[in-house]
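Here the chain labels run A, B, C and D in written order, and each chain numbers its own residues starting at 1.
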Amino acid sequence: MVSSAPILAARGVSKAFFGNPVLRSVSISLEPGRIHALLGENGAGKSTLINLLSGALRPDSGTIEIDGRAVSRHSPPEARRAGIAVVQQELSLTNSLSIAENIGLGAYPRRFGLVDYAALAARAKAACDLVGLHEPLATPVGELSLGRRQMVEIAKALYRKPRVLILDEPTSSLSATETRILTALLEKLRGEGIAILYISHRLDEVMQLCQHVTVLKDGTCTADRPLEGVTAAGLVRLMVGRDPGDLFPRWDSTRTERIAVSVGKFSAGLMQDVDLEVRAGEVVGIGGLVGQGQEDLLLGLYGAIPARAASAVINDASGLPSNVPQANSRGLAYVPADRKREGLHLIHPIVTNLMLPSFARMPALKLRSRAKERETAMGLALQFAIKGDLGRAAQALSGGNQQKVALAKWMPLDPSVLLLNDPTRGVDVETKREIYAMLRAFAASGKAVVLLSSDTPELVHLCDRVAVVRDGRIVSLLERGDLSEEAIVAAAMGAERERQAA
Amino acid sequence: MSHASVSSTARFGSLYWAIQAKRNIGVRGLFVVVLAFMVAYGFLFHGLFTGSGFAKFTQSWFPLALVAMAQAILMLTGGISLAIGALVSLGAVLAATTMTGPLGVAGGAALVSLVGLGIGAVTGVIVVKLRLPAIVVTLAGSFIIAGAALLVLPRPGGAIPPWLSDLLAGNTPAAFGVLVVVVLLWKLYLATPLGLSLYAAGENPVGAYRSGVPVDAARIAAYAISGLLCTGAGLFVAAQTGSGDPIIGNSFTLNSIAAAVLGGIGFLGGQGTMRGALAGSLLLSLMISVMFFLGFTPVAQYVAQGLIIIGAVAIPQFRMRAR
Amino acid sequence: MSIRDAAFLSRSRLLAIVTSRPFLTFAIVALVWIVASFVTRGFGAYGHLRYLVELAAVIGIVAAGQTFVVIAGGIDLSVAAIVTVAAVGLPLFAIDADPTGLTPILAVLAMTTAIGLVNGLGVALLRVHPMIMTLAMATFLQGLLIIIAGGSAVTAANPLVSWVGNARPFGIPAGILVWVVVSIVVLVVMHATPFGARLFAMGAGPLAAKLSGVPIASTTMAVYGISGFMSGLAGIIVLGMNGQGYVGIGDPYLLASIAAVVLGGTSILGGLGTYAGSIPGAILLVTITALITVVNASPGWRSILFGTLILALLLLSGREAARR
Amino acid sequence: AANCIKGDRKAPYTLGWANIYSVPTWMKQTQGTIEAEVEQLKKEGLVDKLVVTDAQGDANVQIQQIQSMIDADVDGIILIAGSSTAPARVLADACAKGIAIINFDSLVDTNDVTAKVNTDSHQWGEQATKFMIDALGGKGKILILNGPAGVSVSDDRRAGGNDLLKANPDIQILAETNTAYNVAPAQEAVTSLLFANPEIDGILSFGGALSAGAVLALDKQGREQVPITGENARQFLELWKEKGLKSWATMQPNWLGAFAAYTAVQALEGKDVPAFVKIPLPVIDNSNIDEYLARAKDFPADGYIFSPYDRDLFAKLLAQK
């Protein structure tokens, strides 16, 4: 392919937050008709670089160039005029507005000074069709699942008919089907000569989709080269700075006979009358398309939403916990998927985030010992390799490190059953490896893990058994021997096949 | 191309009205409660359905409806105002001191509107640009504005031309007509890009800013419009009473919050609809008359009022959770 | 941790304290007092400043409850009504068998705490928004006042109450001593107990707090219960200071308590703040009121001056950091 | 017949009592006199029902409630107004419907009522000021305490003292303050003013519980009491006796309520009633303070000890021209 002039480029940009350098003299150039991968560990500075490119932040030094010309005052409206569209990692949607109104936000078609709903409907519909979003345009975004919202976010970017499309971890909350649609779409857009910048922690996606790669490590550029001739292992080496080990730990059965959780005819939210048994020492996966009720299963077990069951035994005591504190005292811990809203308190220091479950369990008026808390927190930070000053607010952490905090905070309670809701979403490979190893070690120590995941390889490589959920029921319980990505996807898609057959 | 534009014109209706219909979902429970009160009122007071009965009823609702809208707009942007009552008073005394003077009715009305817009805009700039908490800025503002009202008219007095009083608050449902116009104007505003930005600017300001929404402008505009609605309510109160009173608006501050929250407007911005706030204000107003006709003693009035307010908020929530 | 780290830590902590909002608010109080002492005759007299702090004690105690509620993500609009109910209702609990006057005080505190708990119940279990719940509670209490006000044919001759309102052990008004005790307890509970940590978590993100195992319902009830208790305590002190309760005696404390909390740097959105800021916030409010009183101006101008001063102080102390 | 009366309404009548705010003790006591009078009228077969509304202090709500009374077709309305101007138009409607309207205590600037019943606020201010000037021998430094700004009653009382104060330039006004008619804010304000103005010879208070607050402020700061004017609040009268004050007080008698109810029925019965019934200000001074205090136990501790009344008094008041 003929290399052409870059549409958008950063030249030697640097950025620091409160004196902490996040980017050091980084350059990147986005060329038309090319999908450019931006890789790096959590906190490497990828999102920050994007914010510089899109005008949401201004560089401390260095320049942003559009069509070869340096822009002096870059801002979001400026970027939009230049044809730059960004799919943010943090959703930029407004829940109370409809899909169409969100897609057009900030760039509404006008007629007589009013929003031209006719034109909006037409253009939003076109954008939605591109990404396979078929919900009515009037649906408030708040009613959509996380994955669908991500699709709205992408449609919103496409609506602007961009010349440069920047996607920050677009697939982290998408189902396999949605990911496939997106992949095809990006290929098509590339063919139309759009410059695409693609950030993902899923290396297989990157290998399959991208032509060029820039790797960031600790805010500096460690590679800027075509992807041709690079292996996944090579990419990891560039990101991490050393040889990668296997992503998944060696699997040994540590399953015991003791029953950790057993429910019969369990119903909660979308889940209807399911039976599930989890043994101590095993990792049970929960798979299926996004939004089939998997989350309600975990929340119901956890006492966070109303649930009922014909029979329930959790850690040798019968009955479901009726609230979260009760669940905690019975050895359950839950790590939510939406870490920003459900997992952490972003405005609070990392140390208080790490200590919160302990605070919730301690006698309410017992005097706290700050020194001891710090010590515990430092231990957890060390164990989970959480980078960052523990006294700083959790919002200063990168996504992956936030996820580690959300998991680590339960450890002081020594839970015997971990309920995990997509714990590796948006987490870099190195951190994933650490989390996987921890989960297996956790199981090996005689505890139980229930792992809800949208990442099918994860289910295949980590789990003793996988329950596939469809329409609020467990449609298939795959034992270790039968586990394969194909088997899980087949079970998850069953409904669609039947419908096609009918 | 022409085919596309024809079909898209047809779709205008469908998308716009479909969005509007979706917005009723959160407030349906409240609508039912309001309707029940409306029926009860009509049952207790048959004169409600005569021209003047309806006129008088809507007149007592009207100023509360305006201030509920004024508060709701601010709450949609994540703000709040404790200066609503003071602004109503200021609007009333300005109207009562200017309209019979050289400025005349038109000049007085213009002055009242300008003052409302101006004070609202200044408040908005202070809150938005200086990043100060709205609740205390407007608390401080309420003292300043109340002081100004006292300077304009140190004790109740002034006058409104009787024809204007009769026009706005006579035996015709003119107030209701004005309310309809105000609501239509609001719908029109919400259909402008700036107006629609209100929701995004309130709920997700960072995301909105990154999407190219003029967040600050949307919020400041909301404060200005809110100010205008308040002094407008003041003008109406002056017309309704035929005179000015520098403390007439005091109770509107808390009532406007009650009406807005009752109507499902959230405090975090971007949650709720104007129709909800209007229904909330209507409920508050209806409640007073219905309790009168039921012959409640003052003690019972206080207790029932508390229960109705809690019930109107709690019961729909329970129904939602049950579902 | 190395010694260098420790030294750095303590220096940065000192810096953190000096640049913190509560400290800033205290500094503003000091500044206003110094300037006012030069400008206004009699302002800087020890007796006057002591009186200001005594008045601030009442606001400060109400604000203690309000701070708890606001940090936990709520707001309490019933404090004024609760103060009034306490002050007006206390004589009704008088029993001749108890000459110390302690029983009625305990009874009133139990009653106001219970009122607060009902607020908490509505907020936590009925999920009524705090503004609505507490506003409705204030309305209920008006009804209650119609029943109890004027029913006290006996004067509030409660020795303990008049002691709290008038005595000056060691030259310090008893009200101030009560405030000091309250402040210490509140600061300890807020910043040095798991209960306090739960409040901050609830205010910053109720859903995350719930999923982390914080008992939301009981904590919410406790918070409003504390607010009811504090308002009751304040009611007893104002009753002592004025010798007689009356309807409306609590009215000034609603907006004052909210203003004190916000002037002290606590985020009205919840999750961030400290009572250490509400303390100088309360003193600041009383100081401004006193200054306005001695200015010879028409009521209109006084009101304008008062609002302008609050706004100016807010500019100095009340910046709200960007959230969300 | 009296104003507004058309003569088409027949006994027994329904009376509406449009209260502005029923929670304060003064209002409760007033309501008590109204209820007692209505009981009597019921026995006489003249009244069959009393409808009570409480506007919770909101003049707008009061208008709505008066409108509801019109809608419910009551025969008479007795009213304490929440604003001296706001209810004028709704009262005109009521008057046109032949409803007897007796407005007392807080009056409305309108002629569309059957009768207004009140003490004279102007005179109140004048007499209080006269007492103060006399007590100080025409020379001294005083504080002026007044009720809330923007309210006609407090404005009128203050205005009543104006001429006398102008005529006596040796009376120096150190400071003047407006607060709600309550003890606590008055005590706070006076304390601040005491520090700023150490030499004070007298306190001219225009009513309510302001005077009690002032006395407490002086007492708490260990200051000598000074001559002070006041009102019949029980707390103030008791302090007067306890501290041996040099004082003068008048009152807004709570039986204005009973009298208003009585007057409404008289008007409906076709009797002529004066458009304005001026209630002579009862004066409390050292000569009769003991009489008042002797009856104190019949009144709430936070209430007002009002002068005695009976039907004869009412008849006499109605007979005045």
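Operating definition for what follows: a contact is a pair of C-beta atoms (placed from the backbone, for glycine too) under 8 Å apart; a residue touches a chain by one contact, two chains touch by 3 or more.
Chain-to-protein mapping (UniProt): A = Sugar ABC transporter ATP-binding protein; B = Autoinducer 2 import system permease protein LsrD; C = ABC transporter permease.
Predicted model only: the values in this text are computed from it and were never measured.
Participant: Work out which chains are contact partners of both chain A and chain D.
Facilitator: Under the touch definition, chain A and chain D have B, C as mutual neighbours.
Participant: When the C-alpha atoms of chain A and chain B are each averaged to a single point, how far apart are the two points in Å?
Facilitator: Taking the mean C-alpha position of each chain, the two centres sit 42 Å apart.
Participant: Suppose each chain is reduced to the average of its Cα coordinates; what separation in Å results between chain A and chain C?
Facilitator: 43
Participant: Report the inter-chain centroid distance for chain C and chain D in whole angstrom, where each centroid is the mean of the CA atoms.
Facilitator: Taking the mean C-alpha position of each chain, the two centres sit 34 Å apart.
Participant: Hey, how far is the Cα centre of chain B from the one of chain C, in Å?
Facilitator: 31
Participant: Check each residue of chain A and list the ones that touch at least two other chains.
Facilitator: Residues: none.
Participant: Could you pull out the residues of chain B that touch at least 2 other chains?
Facilitator: Each of 149-150, 154, 204, 206, 298, 301-302 in chain B touches at least two other chains.
Participant: Could you list the positions in chain C whose residues touch two or more of the other chains?
Facilitator: Correct list: 142, 146, 298-300, 302-303.
Participant: Kindly provide every pair of chains that touch.
Facilitator: The list of touching pairs comes to A-B, A-C, B-C, B-D, C-D.
Participant: Which residues of chain A touch chain B in their complex?
Facilitator: 54, 56, 76-77, 80, 86, 88, 90-98, 100-101, 105-108, 110, 113-122, 136-140, 156
Participant: Chain D touches which residues of chain C in the complex?
Facilitator: These residues of chain C touch chain D: 40-43, 45, 47-48, 51, 55, 88, 91, 142, 145-146, 149-156, 166, 238, 241-249, 251-252, 289-290, 293-294, 296, 298-300, 302-303.
Participant: Which part of chain B faces chain D closely enough to touch in the complex?
Facilitator: Going through chain B, the ones touching chain D are 45, 47, 53, 56, 60, 63-64, 149-150, 153-158, 165, 169, 237, 240-248, 250-252, 255, 285, 288-289, 292-293, 295, 297-298, 301-302.
Participant: Spell out the part of chain D that touches chain B in their complex, as residue ranges.
Facilitator: Within the complex, chain D touches chain B at residues 19, 22, 51-54, 56-61, 63-65, 67-69, 71-72, 83-89, 109, 148-152, 155.
Participant: Tell me, which parts of chain D touch chain C in their complex?
Facilitator: Contacts found on chain D: 22-25, 28-29, 56, 149-150, 175-178, 180, 182-185, 187-189, 191-198, 209, 212-213, 216, 220-221, 235, 238, 297, 299-303.
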